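After this come two complexes, each holding chain A, first together with chain B and then together with chain C.
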Partner chain A sequence: MGDKLRAVLRLLGLYARMDLNWVLQDFKAALIIICAEIINNLTAVSGILLLAVRFGGAGGLSTDEILLMLGFFELSDGLCYMLFGGFNVLHISRRIGRGQVDHMLIQPRPLMVQLLTEGFMPVSGSGGFLIGILLTALAWTRLHLEVTLLRLFLLLLYMLCHILLMLGQSFLLGSAAFRSPVVSEELSTLILDLNGQLGRFPLFGLPRWLLGILYTALPVGLLAYLPSLALLGRVTGAVLALPVCIAAAFMLAAACCFRAGLRRYLQYSCNRYKEMGHRR
Partner chain B sequence: MKHFRAWSATARMCLKEKSYFGLANIIAQYLLRAAGLGALLMIWRSLFMQGVDMQGLSLNQVYVYTILSTVLAPMLDVRTPASGWLHDGSVLKLYLRPRSLFAQLAAHTVGGWVLPLAILSLPVLVIALLCGVDLRPASLWFLPSLVLTVSLGFAVDYLFACLLIRLRNLEWVVHDMRQSLTALFTGSVIPFAALPWGIGRFLALTPLGSLAGGPLSIYAGLAEPMTVLAAQLFWNVVLWPLALWRFTSMRERMVSYGG
Partner chain C sequence: MNADHECVVSLAHVTKYFDQSRPVSLLKREHSRIYALNDVSFTLRRGEFAAYAGPNGAGKSTTFKLLAGLLRAQQGQVKIFGADPCVKRIEVMRRTGVLFGNRSELWWDHPVRASFEWKKAVWDIPDDVYRSNVNRLKELLDLKPLWNTFSRELSLGQRMRADLALTLLHAPELVLLDEPTLGLDVLAKRRMIDSLKLANQELGVTLMVTSHDMDDLAEMANRLILINRGRLAFDGSYDGLLQMTGDHRLVRLITSAKSPVPEGLTLLERSGDRYTYRYDGTKIPSPQLFALLAGIPGIRDIQMEPENIETVIAGLYRKWSSETSRGDVSH
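And now, the complex of A and B:
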């Protein structure tokens, strides 16, 4: 176990160095990409934030509470992309659908270790995470929220749940690409986009049945809305455990489907490439 | 007539190409857009339910604006295949055919509109009407404004293609950045009239603001038609020559990795 952990940490260090090297080798391109990422993240939050500013709040939350929700979303999402965004690990259906799992199976490392490490891009992929820290800290200060152990624990726990929910949904749907590579190649992208689009919305005022769906089957409400309500002390009791339970359920289902798909892949593989090198 | 047949054949090819990733993918894409529309409508509804002072905006106006931004989405933010084809190298095939480059790109773009208009726009319109949303336009000046938006959209798209050539094929970066900028600065998601500090009035006069925000604001009765049309006409006159000049001069710089 200790050896495995050391191997994972060594690989993470290696990928971090490669990411830094890439930035240093083509600084202009890296700068453009980092700036673009910052612009993307800022514009993604500004729509709902501007509405909240204009109308003194939105969806049952005040402007500062909306800021906290958006900050939490950027923080967790940014961390998720920083850890798993590289080499399409998060968009796993692309790797599977394009027949690139072959490339992974010939590496002298377990598949799990590769998936845990090769998406790490702490330099070029940190824009969203840094903006998330800034927005969360700003909202935290403006709301005069007390820093307690419980609150910090909830913050870290819900960040972990956010990452697991994203990974779980992406791998669960993405496993379909083992069976139908062309049709399912972009399924992970679709579900991640849906999470990115709806996860930033406050869900106050929705009918109960719809809230039920958005807290379970399509858990966009657990990405930022419910966690921010918990951080604000607006929800208590068993509801606090909902993100943990749903994240665990998605990860379990994803692991089962991914394993079953991989077994099939080991039998049939996937031939998507033309002689010229581009995909069919 | 012969030219039109060639043009419409290209448009049909593009329509078929849209189903490359299969029915499940197409349905999921449109469900994604429908979900985004639903979320935004819920936000507007919740604002009105809270009794927030909407400062002159009526619920029907923002509903009409939001619904039409989804219904007319492909025309309000014109995306030709130029950027994608520059990235994967298939732009070369356009130069091998006996048709003008821009006409081919336009045919592919218009062909790509058929599926979203049929699968998403029509059902959304019908559902909106059944839900009692009054979809009558506030002014028929909306139509010329839409034409100017489409025309300006092509010019803006060619300029983004030039930027892509200049940035040596950073396709996803340009794509993501454009996606974010157009969501906010074209008024395709939030009406300019609903933005704070009067920034909407400034944005409406910019080239990006003349895209989606123009016809939608006229349709929903949120803007004076003549001001919008004048801004759109001005940016068409300025950006079209610029786009043609830049695209021609950038041709020599085209580099592709082939996917």
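And now, the complex of A and C:
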């Protein structure tokens, strides 16, 4: 276990260096990409924020509370992107469907270690995370939230849950690429985009059945809305554990499906004899 | 795994098939089973250099994928260094280098150097081994001018050279090369062949290479494994192949007279006063050939040479394809 951890840290260092080199090689182009990502993230939050400013809050949350929710979303999503955004780890269906698993299988490293490290891009992929820090800190200050150990623990825990929920969904749907690459890629991209769009919305006032779906099967409510309510102290008790349970369930399902898919891959390899073919 | 295991590669009665389903009309589908490999057995011993050849769709790439642990056989056993490459993937890959000519392991948006540094970290190559191997490979494959070039800017030949160097970087004991001379110019091909021979002869690396260029294979490898429609068609030396197919040789004559076709020789081509004949060296020994040629008047020049191995194998492929269609496709 210690060896594996050391290997992970060493490889994270390697990919961080490669990312930095990539940025320095063509600094202007890299700067444009990073700025575009920051603008993209600001645009994504501005719609809801402007609505909240115009109407003095939205979805049962005040403007500053909305800002905290948006900040939390950007913080978690930015971290997820920074850790797994590179080389399509977060969009694993693309890796599988385009026959890139072979490249992974010829490396003398466990696939888990490869997947944990290859996507790391702390320099070029940090735009969203930086915006998240900024917005969260701003909201935290404006709301005069006390920094307690519990609140910090919840913040970190829900950030982890956010990442696991994104990875879980991506790998669950992406595993279908072992069987049907094009369909899986389309579906996976759609669901990840949907998470990005709906995850920033406050869900107060929705019918219970819909809220149930958005807290479980399509867990967009667990990405930022419920965690921000928890940070504000608006929810207590068993509900606090819901993001952890759902994230664990998604990861478990994703791990099972990915393993099954990998077994299938060893049986059929590329999709030469497959109906829908695959993209190159 | 035993490091001293003499048998590096072993395939024992390996069968690999793919089931296929195709629409033949709106509602009807046709199911078929394609045998990529059918009861194939062979072994490679340490230090061997084997050429693995066959017509398109013969099962070459499937074999390589089975050996690299990227596929699992339905029947039979595949072993590399005495272990199943699917089960002991990590251990096998530490000692094996794999290069698929139509794919690159180089990092596209980085200089060539970065891919080598990446491999050093991922393969855990010690600093001293890395330095010495990099220097040797840079020299051998003339990589110095490319070292700081972005991989995406390399020509196909340059990419293949860099990819081969990357494959050899961790000093693998077994190297599997699928079409390594693909798209190389004459000089690059020569360099590639020389470096592979060197790796085999001086470092004792076991090599298995596929290529459609039979002359390249004949020059590189001392053993030829031919596969056709998933079945092993030949396994032996090039001399052994010539014995099987006949020791075909060519005679080229330049003669002012209208040349007849001597008995036992086949006229392949005539262009003005130039004639090209083929004959079987096992049936017509040289003294008999000279006697036959002496009977032709007005000869100004004679050239004799063995028939190109590519032509020999092309003849074999033609023979195979004209044979009755195989019985292993079931509908």
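Simple rule for what comes next: the second predicted complex is superposed on the first by the 270 of 280 C-alpha atoms of A that agree within 3 Å, B and C clash if a C-alpha of one lies under 4 Å from a C-alpha of the other, contacts with A are read in each partner's own complex, and residues count from 1 in each chain.
Keep this in mind: a residue touches a chain if its C-beta (ideal position, glycine included) is under 8 Å from a C-beta of that chain, and two chains touch if they have at least 3 such contacts.
Remember, it's a predicted structure, so these values are computed and weren't measured experimentally.
**Q** Once the structures are superposed on A, label A:W209 by its partner contacts, choosing first (chain B), second (chain C), both or neither.
**A** neither
**Q** With both complexes superposed on chain A, which partner does A:Y268 reach: first (chain B), second (chain C), both or neither?
**A** It touches chain C, and chain B stays clear.
**Q** Return the chain, chain B or chain C, that is in touch with more residues of chain A.
**A** B
**Q** Pick one for A:I106: touches chain B only (first), chain C only (second), both, or neither.
**A** In the superposition, A:I106 touches chain C alone.
**Q** Counting only touches as set out at the top, which of chain B and chain C does A:V182 meet: first, second, both, neither?
**A** First partner only, chain B.
**Q** Answer with first, second, both or neither: which of chain B and chain C does A:F201 touch in the superposed model?
**A** first
**Q** Would you mind listing the overlap between the chain B footprint and the chain C footprint on chain A?
**A** Dual-contact residues (chain A): none.
**Q** In their complex, what parts of chain A are in touch with chain C?
**A** Going through chain A, the ones touching chain C are 10-11, 14, 18, 21-22, 25, 102-103, 105-110, 266-269, 272-273, 275.
**Q** Would you mind writing out the residues of chain B in touch with chain A in their complex?
**A** 20-22, 24-25, 28-29, 32, 35-36, 39, 42-43, 45-47, 49-50, 52-54, 88-89, 167-168, 170, 173-174, 176-177, 179-181, 183-184, 189-190, 194-196, 258-259
**Q** How about chain C: which of its residues touch chain A in the complex?
**A** 18-21, 34, 65, 68-72, 86, 89-91, 93-94, 96, 98, 100, 103, 105, 107, 109-111, 114, 117-118, 121-124, 150
**Q** Which stretch or stretches of chain A touch chain B in the complex?
**A** Residues in contact with chain B: 29, 32-33, 36-37, 39-40, 43-44, 46-48, 50-51, 53-60, 180, 182-187, 190, 193-194, 197-198, 201-206, 276-279.
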